[in-house]
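Note that chain A is present in both complexes that follow, paired respectively with chain B and with chain C.
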Partner chain A sequence: MPLNKDALLQVKGVKKYFDVSEGIFTTKKKYLKAVDNVNFSLKQGEILGIVGESGCGKSTLGNLIMQLENPTEGEIIFDGIELSKLSAKELRRKRKDIQMIFQDPYSSLNPRMKVFDIVAEPLRTHKLASGTDLKKQVYDMLEIVGLNNKYANRYPHEFSGGQRQRIGIARALTLKPKLIVCDEPVSALDVSIQAQILNLLLKLQKEFQLTLIFIAHGIPAVKYISNRIAVMYLGKIVEIADKEQLLSNPKHPYTESLLYSVPVSHPKLRSNHEQSKLTGEMPSPVDPPPGCRFHTRCPYADEKCMEETPDLIETQDKEHYVACHYPLYRERVSNSDSVQAILD
Partner chain B sequence: MKESEVLLEVKNLKTHFNTINGVVPSVEDVSFYINKGEKVAIVGESGSGKSVTSLSIMRLLSETGKIIDGSIHFCGRNLIELSEKDMRKIRGNEIAMVFQEPLSSLNPVMTVGKQIMESILLHQKTRKQNAKQQVIDLLNKVGIPRPEKVFSSYPHLLSGGMRQRVMIAMALSCQPKLIIADEPTTALDVTIQAQILSILKELSEQEEVAILLITHDLGVVAEVADRVIVMYAGQVVEQAEIFSIFDYPKHPYTKALLNSTPKLDFSQTELLSIEGTVPSPMEIPTGCRFYDRCDFSSEICKQSPELKEITDGHQVRCWLVEEAIDNRI
Partner chain C sequence: MKTNQLTFLKWLKMLGSSKTGSLGAIIILTVTFTASFASFIAPHDVYEVNLNAASLPPSWMDGGESQYVLGTDRLGRDLFSRVIYGSQISLLVGISAVIVAGVIGVPIGLISGYYGGFIDSFFMRIVDANIAIPVILIALFVLGFLNPNLIMFILVVGVATWYTYARVVRSEVLSLKEREFIKAARVTGVRNSVILIRHLLPNVTSSVIVVSTLSVATTIIIESSLSFLGLGPKAITWGALLSDGRDYLATSWWIATFPGIAITITVLGIILLGDWLRDVLDPHSHV
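Take a look at the complex of A and B:
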């Protein structure tokens, strides 16, 4: 897939293989291919959603972008600079432009630090503010994420899950990053709180022209927040396109059945596509199936699929990329218009 | 509704926990019923009392938990008054439970097949050889490919989805009249969730087993339930047939919950959120428990509203709805 030169982030041929050889005397190494040749680019101000079943490599990809893991192969170019070529010191400086928000805000916040210090810490570490200026910046940030100043002297355990996520967001924002990788930021939260956090992220994205990567299991939430969606399967992006395009015209058989697995939002839509739902489970990433990795579960698989790995290529529709020998060209039944027709 | 069709009827259930920090009133005045073969969902956010309600029915509360008041009638008998011995018979034979994390309820050192077989031998008069065939049939029924192989596997070697299938097979092994499934798919991928939900629906239709499905996900409710019970902060706030809940929700909380759920098959330009958080059971407001977060609250809401029937089979706990009805009359 062609990479955009003026993109804020470019991920080029990135692989992450974990060594999972058993025993120390084995000569033959075994690798778990968590991320296997991923390519995409991200424009400034974009929100990219990443979806896929558990273990498909979403978090590993996020960690690679965050430089929390080193890629086995490939390049991550941020703001025109290849991150792996930077010295430790340069990387530290660059890193403040990329921040992360995690699923479990509790384990990512230091329990012995007060909220004020949690939010102030990045500013102190990078020597960006002190004294009254620091205080003002922290208070402003708390206000921006919807936390009352009076909470500044409390500890994380005194807060609810949603409030803790706000603290995590405030901390991620203090350094005015360009890119935020959100790894399942709302998965652990109640529905009503989820909506609060999704709306907060959208508001902040506009206010600070942030670029977001939003990783999540919950496809409806990803639909709500993203501009573009990437679908991963066994370490690979199998489809990536504009949100509306991907949801109404999924071209990869995996995307299609994944979408049909999502619970309906109204009982009238129940069991319309029982037969289109996905059967079986995702195979192990240690010995992934040869050829197209989805062939063991794909209703359209033939011999070619078992032998040749399909590349992620652009389809007739511009900016709609799919990795399948036989992409689908049909509209998904339950896009908004047809659903409206059923309901009327 | 014919009285004879009712399988389970919970009336004014009140369950409290005694903790070092004081009494936790987890469930206050919960009433609902389940008909034979019916699929009923309890939906509510974390801490609303869904699990405590189901554990109360099974009488599986931890030592600090106590049913303070109310009745739980199952097939005509009040479960609260049964001896532990009689209750054990109900648990094994007539009501089965499926939890979110099946590993905690499976024996790690016994093969899956043997565990289900033991359960069959315990509850039915049958020969060992027949029991084995029954287990294979059950594993087949819950959609397990190559059931002979899974029969001799240990639980931890199975995937989360397979384990949940095994749990359902185990629940079925005693041919129960009611299965209580507490968030059975919350830990699973949507793809596996869809498979498990289809199995539960199929079973309830084929075997005429009633299902009490506990979930926080309105999508799961929309997929499965015939009737819905909405809980908030330890109380039932609305209860109705599935289409009434989705088409004509009455309680402000039910409406807000529907509006704050992201939807795949509708365009949503804005997701409405409910401000604030669910009150913890130690700091529940007097009066309506949704008061702090409700857009429609008024003076009268400082008094507790009761769960009232507004139309046939549709019950709501809200002053607003009550007043609307009074005005109409």
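Take a look at the complex of A and C:
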């Protein structure tokens, strides 16, 4: 897919292979292809949701963007600068603009640091404030995320999961970053708290003009918050489109099955999409299946899918990219019997 | 200085609320006090030989004399005074050697666990080599060739036992560094040195305290073994007294027993105090 030159973030052909060769004397190297040739770009102010099952490489992609890991191949261009080309010192300075919100609020806060110090650390690290100014900024930030100032001198273990996640958000926001990568920020929280945190993130996104990458393992969390959704399967993006477009008109069979894997509460609204329900396990990313990686679980796959790897190409709908030899059309989706007939 | 006073009172209050902690503190304070004012407390000159009063049993036993409370050794020197004086060197050696070992071991453990790879292998192989050589052997070798004075003794024992700290700290860091708060610090751009000091070090203190308190005991034992071999700090120490009495256990059991009891009580006090300190330093314990 073409990349937008003015984008805030451009991910170009990024690959991350982990060496998992066994034994000292084996000459054949084995690689775990966690992220395999991923391309996308992100405009200022956009919220991109990245969805996929566990092990599809979405968290590794997040780590690559955060420069916590170096890509095996490819470029990550943020704000016009290729991050991997920066020296350690320049990168540390650049980190001010990219922050991260973590999945587990119980392990993301240092148990031996007070809330004030946790939120103040980014400011102190980049020497942006000190003394009363620092105090004011930290208190303001705590207020913005909905925490009382009087909690500043407490330790993390005195808070609930939702409050801890708010502390984590305050820490990510103190530097006023341009981009925030949220790695499953609500999946460890109670359902009632999830909505609060999502609303907070949306509010902050508007207030601070933030660009967000929102990683999640299911459509529901991403559906609420994102403008655009990318679906990942075994290290590759299989479909990327605007939220409405993707939800109402999924073109990749995997996206379709992810949508139908969400239980529908009303019996009459339940349709007979049994064949598009996902069965089986995701194959190992060490030896991904040849051709289209989804063919082992795809209800529509044929010989071509087993041999040729489909590219991520734009469909007749604008800005809707899919990597499938036989992209789905609305009629096929709505009438599953006719789909079966076509395949037969 | 008002805040300092306040925190001191707070600590005192916390100590008072823990029975075992208070007991430990009382023992350690008593021993420290005894060591500091040994010359005032001791009733006899420790080197005063009185062959007429040789090998006297403690005063409450048949044949004991009231001026020798814990009896005398085979040269008629007062055991009570010697135990009091012995606390000086034993305490000094025990605590200083532990500090030396900790100062070497903790940073190496932190660096080794955090950076991993070659640095980790390098330090851990040194640790393996160090474990393979008994402490006594290292001490014999070094002290045998060099002047076995007190400072040398402390250094040798410290250098010979640092690996316990390195191993404990390293294994702790290995699990800590995978936690998300370390990732968060890296993402923020915090320097590795700051991550080590501000994020990792406070999280390993409890293990370090446990290891240190146990090490004080081991050090006192090592000191006694070396004194037995004639390579001790050349002074009156509990270890030296203990090994003096070893040959006379069958006839004069008190010569070895009372220094032994002194060691046991002191070590117990240090362990109790260390246990309390570990609990207090853990933010979970006080809400």
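Assume the second predicted complex is superposed on the first by the 322 of 344 C-alpha atoms of A that agree within 3 Å, B and C clash if a C-alpha of one lies under 4 Å from a C-alpha of the other, contacts with A are read in each partner's own complex, and residues count from 1 in each chain.
The working rule: a residue touches a chain if its C-beta (ideal position, glycine included) is under 8 Å from a C-beta of that chain, and two chains touch if they have at least 3 such contacts.
Not measured: the values here are computed from a predicted model.
*Asks:* State whether A:Gly218 touches chain B only (first), chain C only (second), both chains, or neither.
*Replies:* The answer is first: A:Gly218 touches chain B but not chain C.
*Asks:* One more residue to check, A:Arg92. First (chain B), second (chain C), both or neither?
*Replies:* Only chain C; A:Arg92 stays clear of chain B.
*Asks:* After lining up the shared chain so the two structures overlap, which partner does A:Leu109 touch, if you call chain B first and chain C second: first, second, both or neither?
*Replies:* After superposition on chain A, A:Leu109 lies in contact with chain C alone.
*Asks:* Hey, is it chain B or chain C that touches more of chain A?
*Replies:* If we count touched residues of chain A for both partners, the winner is B.
*Asks:* After superposition on the shared chain, which partner residues are touched by A:Leu247: those of chain B (first), chain C (second), both, or neither?
*Replies:* first
*Asks:* Just chain B (first), just chain C (second), both, or neither: which does A:Leu278 touch?
*Replies:* Only chain B is touched by A:Leu278; chain C is not.
*Asks:* Just checking: does A:Leu259 make contact with chain B only, chain C only, both, or neither of them? Give me first, second, both or neither.
*Replies:* In the superposition, A:Leu259 contacts chain B only.
*Asks:* Please give the residue numbers of chain C that touch chain A in the complex, ascending.
*Replies:* Against chain A, chain C makes touches at 179-181, 183-191, 194, 198-199, 202-203, 283-284, 287.
*Asks:* Of all residues in chain A, which touch chain B in the complex?
*Replies:* Touch residues, chain A against chain B: 53-54, 160, 162-163, 190-196, 198-199, 217-221, 223-224, 247, 257-271, 274, 277-281, 334-336, 339.
*Asks:* Mind listing the chain A positions that touch chain C in their complex?
*Replies:* On the chain A side, the touching residues are 66, 68, 91-93, 95-96, 98-100, 102-104, 107-113, 121-122, 125-126, 155, 157-158, 168, 171, 175.
*Asks:* Can you tell me which positions in chain B touch chain A when the two form their complex?
*Replies:* Those residues of chain B that touch chain A are 45-46, 145, 159, 161-162, 189-195, 197-198, 201, 216-220, 222-223, 225, 242-243, 246, 256-257, 260-268, 270-275, 277-278.
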